[in-house]
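Below are structures written as structure tokens.
In the two complexes that follow, chain A is the common piece, with chain B as its partner first and chain C second.
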Partner chain A sequence: MSKKNEVPEVDIVIDHEAGVIREVKQPGLRSKSGHERRVNGGIYTVLVIMSIIWLAPFVFLVFQSFRSYITESGGMVAYLLPKQWSLDNYIWLLTDEKSHFLQWYGNTLIIALFCAVIQTLMVLSVSYTLSRLRFKGRKLIMNVVLVLGMFPGFLTMITLYFLLKQLGLTQQGAIPGLILIYCASSGMGYYISKGFFDTIPKSLDESARIDGATRAQVFMKIIMPLAKPIVIYTILMAFMAPWGDYVFASYVAFGSEPNYNVAVGLYRWVNVNDYQGFFTRFCAGGVLVAVPITALFLALQKYYVEGVTGGAVKG
Partner chain B sequence: MNDLDYLKLTGLSKLAYKCRQFFCGIPKKLAAFFLGIGRFLVKLVMGIGSEIKDVAATFANGDWKTKLSYLVMGFGSAARGQWGRGLLFFLFQTVFNVYMFMPNASFSGCYYLGKLSTLGTIETYREGRKTVYGDNSFFILLYGVLTIFFILAFIYTWRMNVKQNKLSEQILKSGKKLKSTKDDIKSLADEQFHKTLLALPTLGVTVFTILPIIFMILVAFTNFDATHQPPSKLFTWVGWDNFRQLLSSDSASYGNTFGQVLLWTLIWAFFATFLNYFLGMLVAIMINKKGIKLKKMWRTILVMTIAIPQFVSLLYVSKMFAADGLINTYLMKWGWIASPIPFWTDPVWARVTVIVINVWIGIPYLMLIATGILMNIPADLYESARIDGANAFQMYKKITLPYMLFVTGPYLLTSFTGNINNFNVIFLLSGGKPLSLELSGNAGYTDLLITWLYKMTVSDTNYKLAAVMGILVFLVCAVINLVVYNMIPSVKNEEDFQ
Partner chain C sequence: MASVTLEHVKKIYDKKVVAVHDFNLEIKDKEFVVFVGPSGCGKSTTLRMIAGLEDISEGTLKIGDRVVNDVEPKDRDIAMVFQNYALYPHISVYENMAFSLRLRKMDKEEIHRRVCQAADILGITEYLGRKPKALSGGQRQRVAIGRAIVREPQVFLMDEPLSNLDAKLRNQMRAEIILLRKRIDTTFIYVTHDQTEAMTLGDRIVIMKDGFIQQVGTPQEVFDTPKNLFVAGFIGSPQMNFLKARLTKNGQGYAVQVQGITVPLEEKHNEILRRKGVGDMDIVLGVRPEHTSVRFGNRENAIESTITVNEMMGSELHLHVSTAAGDSVILRLPTVDLDDQTRQSLSYGNKLYFNFPGKVMHLFDPKTEESLLY
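Up next, the complex of A and B:
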């Protein structure tokens, strides 16, 4: 190193809270120099600007949802703050008989709840099996899933549509149909929770087996209680996904307005035909969807972070 | 070149050396690949031969129960007391027979199988006011594939049935007892637990993923499109025509457009992956820097874009950037611009805008991932680097970056292929627009292969080309995965940071 005797003033990437790093004692040199302060000031500036950029659209969304479509305009306008704050959009969404919003909300909630239960069971079974049990064809299954995963998802959309149609699960039956589609292949998304199961020591299983537990008992009584973080992560993901699905939902429920989910309904308000006057209603609907989902997510953020980082490291 | 020579090279020539090695290795790898296929085929033929031999031998040596099982599946098992297994075999055979030879001939498996080679010949026609339906090519193809699945499953089960008989006979001859049905059920919670757990997921994936994928691969070789829509019209096999139409570059074909869309898809995937990766890492480093307060708050603010459903946030943001959207109107109000910036109507602007907005969506993920990994970097590395007098940038270049790349190599790969298929961002933001007369097939300048595929399916009902495109997307992803996976181990060896 050329700058042998220069004092390092900035230490990077070390999390203070995590306590991973021991303090390096360099008395006199560690006191906050002007340089250090300038660097920190710069970082704070960047973070504040980023925070504004990250939050601004959501704040705007909330502002515009309070602009009345009766006294002002339901379309897009050239100003941000409503001239008069009003709840008209929300009232229309929740009470007007032309609004299907509550129905859409209910549909999505039902789909999300079923998915959260069924998908979690599927994912946990597959990931546990592939992680802990050894049997013929295990490698084959993993390779097949890998190859299948490289096909784009929408390729099979029409086939799935006609399969569902055969079962009478489109349009009027769109909700059970969507649940079926979301859940049927969900076992393929086993990677992250398999990664988690891989980290639980094998010796736990073995000692339980020696004590006479069957494999099913090991799964239910020993591994499951330990797997709480990944179970919550899987439930969270399965619950959140249906709220944002437009593509399959619009295809399967096509033309049957009472059977839309929120994404399809709101998307149509913004983008189809002459729906400009619905812009503020879209904003209000967006707020009603985003608030509970965001609250749930932030409450369970810890588990999400665990899942995502674990998944990325395992690849 | 031996290891020592290699280590003496500088970074760039190391890379060049590795690339040369990789490309020189291609012929060898290809040869090995085809040899592997050859060996596999030989093995397959030999395997089938020995299976048949075994089936014949079992029949010749078996008792009457075994022999009857060849016709009535499960008879041997049931007759030897394993009625559970016997019943399952028998049920499967019954279902199979009913499906294949149903009395109502136009719904049986044999019917579909017979029509598979033509995909139907009887046209739908109108007789006065009534429509008389002929063959439905769609269902012939779909159920034809299903029937083939079923037949393969039957052959496999039948073979299991025969094996079962042979095994039972051997066990009985040696004086041991057979497992009772009760034991069988018990073992499903123990030795055979994987079967219990995998049964439902396998069924789901087979019916709702594998069957549709095979169906769509076959559709790529038919003329199934807007003018050949069942039930009113038939479609039929056309060989490689669709591939020719999508890839050749004469005026009636989509070749030029396909090339442009593919190029943009790769550019998009590159920026969406690496821009997010490095910016996300930078943000993580900033937030985690010692002395920065309110770490949790910064993280939570950024994570908002993950928490809020994309159709809300992205649709709203796309409206913000519209010609009459907030950004343009305010810029004009302040007098910074005279006319609206063509965020969604100019090709270059649109492409840059989607990439930039994707950063807004993507940074938080990377920030979270990077935070987790950064915390795991051994502290001693930094300590010793500091004692050696390294500055922040040097430590980043020599410690942080190699460590991150080493750990997240596979993640980068999956995220790259994920971005090739990143439907939501493009669809909700620009919808593929701006369109252009220079692009055929309704494609726009920000269309990825996957959104173009979606348009072909939904608005053009051009299923045949959509199917071809799906196959090509698969090939692109598969090639990238194969190539990069081959390189990752060598990359790993290099990343020995001491």
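Up next, the complex of A and C:
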């Protein structure tokens, strides 16, 4: 038994009721040093400030969207909280005859859904091919794609515009035109999913092929179920990119209002139309755009993280 | 059930690296053949060519009477067990085993019958509902074998199936494979780097090195009459001792002079050497550790050596000794007849005398490394 004046950090106590021996830590002895506390405090302060800066625009956007353009002001004002909360902006967006919002929303949704399907198929099949098949020029293709990927997409903007125009895929044809643009080079984004496929042992493919599966069956029945995180990650990315795109959408659809996507349409309200009058409606539109993507992201967050890190471990 | 014939089969990678040279072998129906050799010898490549997972660069491969060079793996009617099991992790053991049958669109009841039967043979019935993740290494290997059995394939390929198991389980599974082979009686091709597995499992062993077949024969044949230095050293554990020696012809008989002793050859060996017209020459003499005898009393015509290491293996001692000429030799000595005093004398630095009879000697040409007695 220890002497009382030495004060052990941990007392062994026999809990007769529970019939167990448990360790009881003595209060005061295990506290962290002051230095460690100060460092932690500093780190947390920085983090809190950063997250406030980060979140402020979103909070601002949401507050503005609830300020009525009829009873208060539809423009910019010098205060943050609306004096009276109202859904006028949303009602106008969804019901007013002059609002094209639903059409734009639909356009964007169509483009994003098509892209999600086509792009996912392309990315995954390119990745699987590059990961599993060995053919002439494989290394070359991978390197060329890597280098090409370093150039920003809008370098090709003018060429693409004239190409699309000749095909009749601008303005009235903007929706298929945009789908074409977004999906065209999507196979180049094979990197992360190829890294993921590389981590699935090749002997699974071989085993399945001996078991009687064709390459396509191996892909669908063995690889796809195992690559669920990366499939979801790819779908998410493919959906999100066109959902929020402004640059391509603005010039391909230029001048044809019914064919805008939400980003372009909303922006043109505040830019071309009455800036002061449409600001709160612009904010409400922004909120509506953010809702589905946020929900999707939260629901699939687990897979998303797995997808990114899974591909990264043995990339 | 079918024979497998390889005629002049070659594997060349990138037009440069030759992994398998001119491989000729006929595997009979229902035969158990083991490819054995050190890593990089081309044994797995050959197996993968038979499976159809690697292209055949040159030569012909036949399963039964059918040339299958350009036949897809799925159409070759073979089954393969992989070293890392290659179980499909996302489906249950039952589905793993049923996978190939489902692809074949087999009747559901027949699938169920075959899966249950295979599970019964392998003792994995109670794990059928589990995912592979929830199984131990040995159980996974059983499932992998079960997946192959249900197919009732013509040829059963196994690529180092026991390498991932621990030593005890490996011995147990080895015995089970022998039993399994009796039950399902089909053509087996088995790849391993472990000569013990090769010796215990194979009807015939194919020993390979650097893409060349070194020797093909029954375990007894390759043990008794190794064709060259490599085979002699590879088969048997601990490995054969090699000593520099001189072969001398004396009338009709031959004798080997080694480390100051002279050992005459047996008549059947004399005859082989006479037929080959061998004269006096320097040779490499091979003697297996188990064929040496330690001389405690009579030191006449025995080689003097110094003990460097004494390994106690239980039923026997492995004595590493160094001869006066500087060669190191391993001797196997059964412990059952040794008294305590002798046992204690067998320690580091002490002198030890040993010799061996003529009939256990293997003679190799130092230039060609081929056996003179083959």
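In the analysis below, the second predicted complex is superposed on the first by the 247 of 315 C-alpha atoms of A that agree within 3 Å, B and C clash if a C-alpha of one lies under 4 Å from a C-alpha of the other, contacts with A are read in each partner's own complex, and residues count from 1 in each chain.
Criterion: contacts are C-beta pairs under 8 Å (C-beta built on N, C-alpha and C of every residue); 3 or more make two chains touch, one makes a residue touch a chain.
Since the model is a prediction, treat every value here as computed from it, not as a measurement.
Looking at the shared chain after the overlay, A:Ile210 reaches chain C, while chain B stays out of its contact range.
Contacts of A:Pro225 after superposition: chain C is touched, whereas chain B is not reached. In the superposed model, A:Gly277 makes contact with neither chain B nor chain C. Residue by residue along chain A, chain B and chain C are tallied for touches, and B comes out ahead.
Of the two partner chains, chain B is the only one touched by A:Ile181; chain C is not. When the two complexes are overlaid on their common chain A, residue A:Gly41 makes contact with neither chain B nor chain C. Contact with neither chain B nor chain C is seen for A:Pro292 once the two complexes are overlaid on the shared chain. On chain A, the patch touched by chain B and the patch touched by chain C overlap at residues 214, 217.
Considering their complex, residues 138, 142, 186, 189-191, 193-194, 196-198, 200-202, 204-205, 207-213, 215-216, 283-292, 295, 298, 300-313, 315-317, 319-320, 322, 324-326, 329-330, 333, 360, 365, 368-369, 371-377, 379, 382-383, 386, 388-392, 394-396, 400, 407-411, 413-414, 417, 421, 423-424, 427-428, 431, 449-450, 453-454, 457-458, 463, 466-467, 470, 473-474, 477-478, 481 of chain B touch chain A. Those residues of chain A that touch chain B in the complex are listed here as 1, 3-6, 8, 10-18, 20-22, 24, 32, 36, 40, 43-44, 46-47, 50-51, 53-55, 57-58, 60-61, 76, 78-80, 122, 125-126, 128-129, 133, 135, 138, 141, 145, 147-148, 150-160, 162-163, 180-181, 183-188, 214-217, 219, 240, 243-244, 246-247, 251, 263, 266-267, 270-271, 279, 282-283, 286, 289-290, 293-294, 297-298, 301, 304-305, 308-315.
Those residues of chain C lying in contact with chain A across their complex are 51-53, 72-74, 76, 78-80, 82-84, 86, 88-91, 99-100, 103-104, 147, 151. Across the complex, chain C is touched by residues 201, 203-204, 206-214, 217, 221-222, 225-226 of chain A.
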